[in-house]
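Residue numbering begins at 1 within each chain, and the chains themselves are lettered A, B, C and D in the order written.
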Amino acid sequence: MGIKLGLNAYGKNAVNLSKIIRHGNLHEFRQISVNVSLEGDFETAHTTGDNTRILPTDTQKNTVYALAKEHFTSSIEAFGLALSQHFQSNNPQVTQTKVEIIEFCWQRMIIDEIAHAHSFINGGSEKHRTTITQTNTTTSVTSGIKDLLILKTTDSAFVDYIRDQYTTLKETNDRIFSTFCEIEWDYASTAVDFTVLYNSIRACLLKTFSAHKSLSVQHTLYAMGEDVLNSFKEVKEITLKMPNKHHIPANLEPFGMEHSNEIFIATDEPYGYITGTVTRD
Amino acid sequence: MGIKLGLNAYGKNAVNLSKIIRHGNLHEFRQISVNVSLEGDFETAHTTGDNTRILPTDTQKNTVYALAKEHFTSSIEAFGLALSQHFQSNNPQVTQTKVEIIEFCWQRMIIDEIAHAHSFINGGSEKHRTTITQTNTTTSVTSGIKDLLILKTTDSAFVDYIRDQYTTLKETNDRIFSTFCEIEWDYASTAVDFTVLYNSIRACLLKTFSAHKSLSVQHTLYAMGEDVLNSFKEVKEITLKMPNKHHIPANLEPFGMEHSNEIFIATDEPYGYITGTVTRD
Amino acid sequence: MGIKLGLNAYGKNAVNLSKIIRHGNLHEFRQISVNVSLEGDFETAHTTGDNTRILPTDTQKNTVYALAKEHFTSSIEAFGLALSQHFQSNNPQVTQTKVEIIEFCWQRMIIDEIAHAHSFINGGSEKHRTTITQTNTTTSVTSGIKDLLILKTTDSAFVDYIRDQYTTLKETNDRIFSTFCEIEWDYASTAVDFTVLYNSIRACLLKTFSAHKSLSVQHTLYAMGEDVLNSFKEVKEITLKMPNKHHIPANLEPFGMEHSNEIFIATDEPYGYITGTVTRD
Amino acid sequence: MGIKLGLNAYGKNAVNLSKIIRHGNLHEFRQISVNVSLEGDFETAHTTGDNTRILPTDTQKNTVYALAKEHFTSSIEAFGLALSQHFQSNNPQVTQTKVEIIEFCWQRMIIDEIAHAHSFINGGSEKHRTTITQTNTTTSVTSGIKDLLILKTTDSAFVDYIRDQYTTLKETNDRIFSTFCEIEWDYASTAVDFTVLYNSIRACLLKTFSAHKSLSVQHTLYAMGEDVLNSFKEVKEITLKMPNKHHIPANLEPFGMEHSNEIFIATDEPYGYITGTVTRD
């Protein structure tokens, strides 16, 4: 029985890049982190150390900076498509190029109620992310939101679950629901307005999260996914990862104080981790 | 020559607490992390293991949760004062109580342009922090902003500095100025409106940062401090720590592209670290 | 076209547990973090909020602590198998249980050249990890090493790679090779001595890394995988993820100093990321 | 009442540097992170943007790399002294130079029971740190250990503490004592063998931690400090910061299991934080 190379890939990660886009005195500021990953005919690199089919990751990094000048002018999806097209069309040994771009969130400073032309402030943990996967015959775009920290103080219950000898959890009809979520959806086409769609899908997700009478994380996760699929025909499928950020009621009874669902212990670990894909028939 | 105990302190850190403050259906959500630190007559605890003067850190933690119900109703400064007052007045062996509170930043979700009554989204890396230091005779309040990530794309220069045999930096009249700063100021009194002052001082800092024609980080740091002292007589002194978040121009010349101050490499390390206190004569 | 639930799972992550195993005065100390993830018939939980088939993640957590007393006595693989067996056999609605356990590395303190009976010191970033995947008919065990930071100061070259208009990297026949790697292998059986095998495979990996005349990361990655498959018939397949921890030669020529491959700039980002599976025909 | 500049400093942080020291085929590998901070006559830099007295932090970084070639050949203390001497003697506007160096811990790989000549493995979270503070007339060296994670499974008690209405903690005569500590001591002279002393002081600290019958963290902290001062006349004073890494007994009684001080919940927050200086009369 022989030994052989299986699935393999390589590339440069965390190419951290920022760009000023100038419209006269009005500046846009964009900050992204790019990962490139190539698959292809790299067997002899592994087995004999033959690098003649290897485009160095250092060169990949340089390429990202160089192409940003001309091609990073609008959405990260459009820039990602330009990058994957470059690597795929210039490297015959490559069978698949994957480009992932994460965009950090900067907001214009509001000074005396006016948005400033060139000053910005960090816009939260939330990031916009896209992954382009291109072969010689296909190109797909997956986009989504990463590190979105959201919370609601009511309209969340958890009752009627299984009980066994290890159950200590109490049922509740009114709890805090907080999640640090990651949501990704597949676009049905690469010819859409990525920026408009991203903003609209994000708004739809937040609206459903806010309005939902939640009976569990699963229940809200599915409702959020369903609403996106119902509203956006451009979306084929959506996956939501919703780790719980638990806020556990503090037990003040030992101190002679009544429980009033008011004071909570915020914990990071352990945490419930709920994931699900909502798709079309 | 003998050996003896010098400066010492102990307490509970990272008491992570959240609170829902209900105004009918309109909910406030607040999330804080509390550190308590006590100094006092603890010599025999160290030298002989005598714990009879030790209030356990576990009890300190319980106290924070219990007192939050009644006393955490407005600013973190007010809650901190209630906590320090409790520890200082109930523990004769304690000579100084220090309470530090960090408040995380949550914003109401905006759904269809309306602020939601009970849904929230993470409001950025920025945190509001206060430190209360209380002895039997004095109480002082220091407040400030932690982890404030700000950036301007122009109005920042750096020229005319010292040159020596290790100089490679080029002068620039137009660079990105970004800093992940920490700013703290001492209040002259404990009888002020902490919430109004905090918001006003923060607005003043951002306004000066935006408007300043910066000749160096030091130059802008001082201007920000000076403007706060000029505008707020309630502030005795202000300290600014302004680490650089460098955005270094990408060198695209090897690829036959002209430098146009457009594409930058965002780096975390190494980083310039500039600190200064601005005070009154 | 309808909408439906696709792949989904839920469970408790980061159940952080430590155990003292006492052999008279000689104590073992073990510290692990456990993730449980269940797949199964959870459609109505998502679509209607029906929790009657949901074993709460809080109960999963309790189960981990309770079963640790009797079942966490030797390898994490054995404990993982006991946990997956419990969840799978007690929950008919569950079609697959996945249990992941990460073990932190503690070493006995050496005091006056003798290993101490009950004092321990952190043993490095390296962790031992296992993932058990159990259905009603199959059980598989994947084990490996996570966060293993290794480095060699020579016997690493990188030459003869592709050149294009974005190439600036110089060829080198002597560079630092450092990687923060993650390695996982699939066992052919669940009836092996997991502890002996883990230690032997780890030793094999380090030996090959040390001895290899590396022509690229891919070249060494494959050699490490091949040596494990050649030496351990119990291993079906092995996957290595080897991000580069770059140590870039510092350019001292501007200061009139010759390059002598001696002083390096240690950087975290961007980083090369090389992954590969080595398998059997 | 005027406004003026108070205490201020600036410098470069996180200058991450590695070095290969070659003894024929036997290589040493050292990795450090250097912070430089200068105080001096920088008032006009702040008030008018005059940079003529500013040595750029970029130049400081270059200097660290350049001086490493000749001067980083033995202890980090010796290298720090060379760096502080350089900055202090070449910059008349500087009144104080502070150089902090953190050394990461690499160990030779042991292959077939033999230490390898050029392969290394991460040696744990522990770091060796030194801070050199130099003025025109004085030079002081503070050294210590950072991020030292240690634990003992017995010989630790906590009883007879204060009780009040917020007490819920139970007394214990046998608990886990774990701490992620930071220890620093001031040397009485700059003319000592820093490497020998560091290793000896570290061994003394671990020995006392292991052997001590602890009645509280304070009790062990003081014993560790006292033993160092008794054993090393070269040490003037020592400060220990000992945050608790709590391992809380898991309550298995709800599941019909007896408590046997065996299974623990490992938590990071909240945590007790105990600090103390032990000094000479």
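Please note the rule applied: contacts are C-beta pairs under 8 Å (C-beta built on N, C-alpha and C of every residue); 3 or more make two chains touch, one makes a residue touch a chain.
Note that the structure is predicted; figures quoted are calculated from it, not measured.
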item	value
Distance-maximising chain from chain C - centres being C-alpha averages	B
Between the pairs B-C and C-D, the one where more C-beta pairs touch	C-D
Intercentroid distance (Cα basis), chain D paired with chain C, Å	29
Inter-chain centre distance, chain B versus chain C - centres from mean C-alpha coordinates, in Å	37
Per-residue multi-chain contacts in chain D, two or more chains	16, 62, 66, 166, 168, 254-255, 267-269
Footprint of chain A on chain C - complex, ascending	1-16, 35, 37, 42, 45-59, 61-63, 66, 90-91, 158-162, 164, 166-169, 214-219, 221-222, 225-226, 229-230, 237, 239, 243-244, 268-281
For the chain C and chain D complex, residues of the former touching the latter	16-22, 27, 29, 31, 62, 65-66, 68-69, 106, 109, 111-112, 116, 118-126, 148-155, 176, 203, 206-207, 209-211, 247, 250, 252, 254-255, 257, 260-267
Contacting residues of chain C [partner chain B, same complex]	165-166, 168, 254-256, 267-269
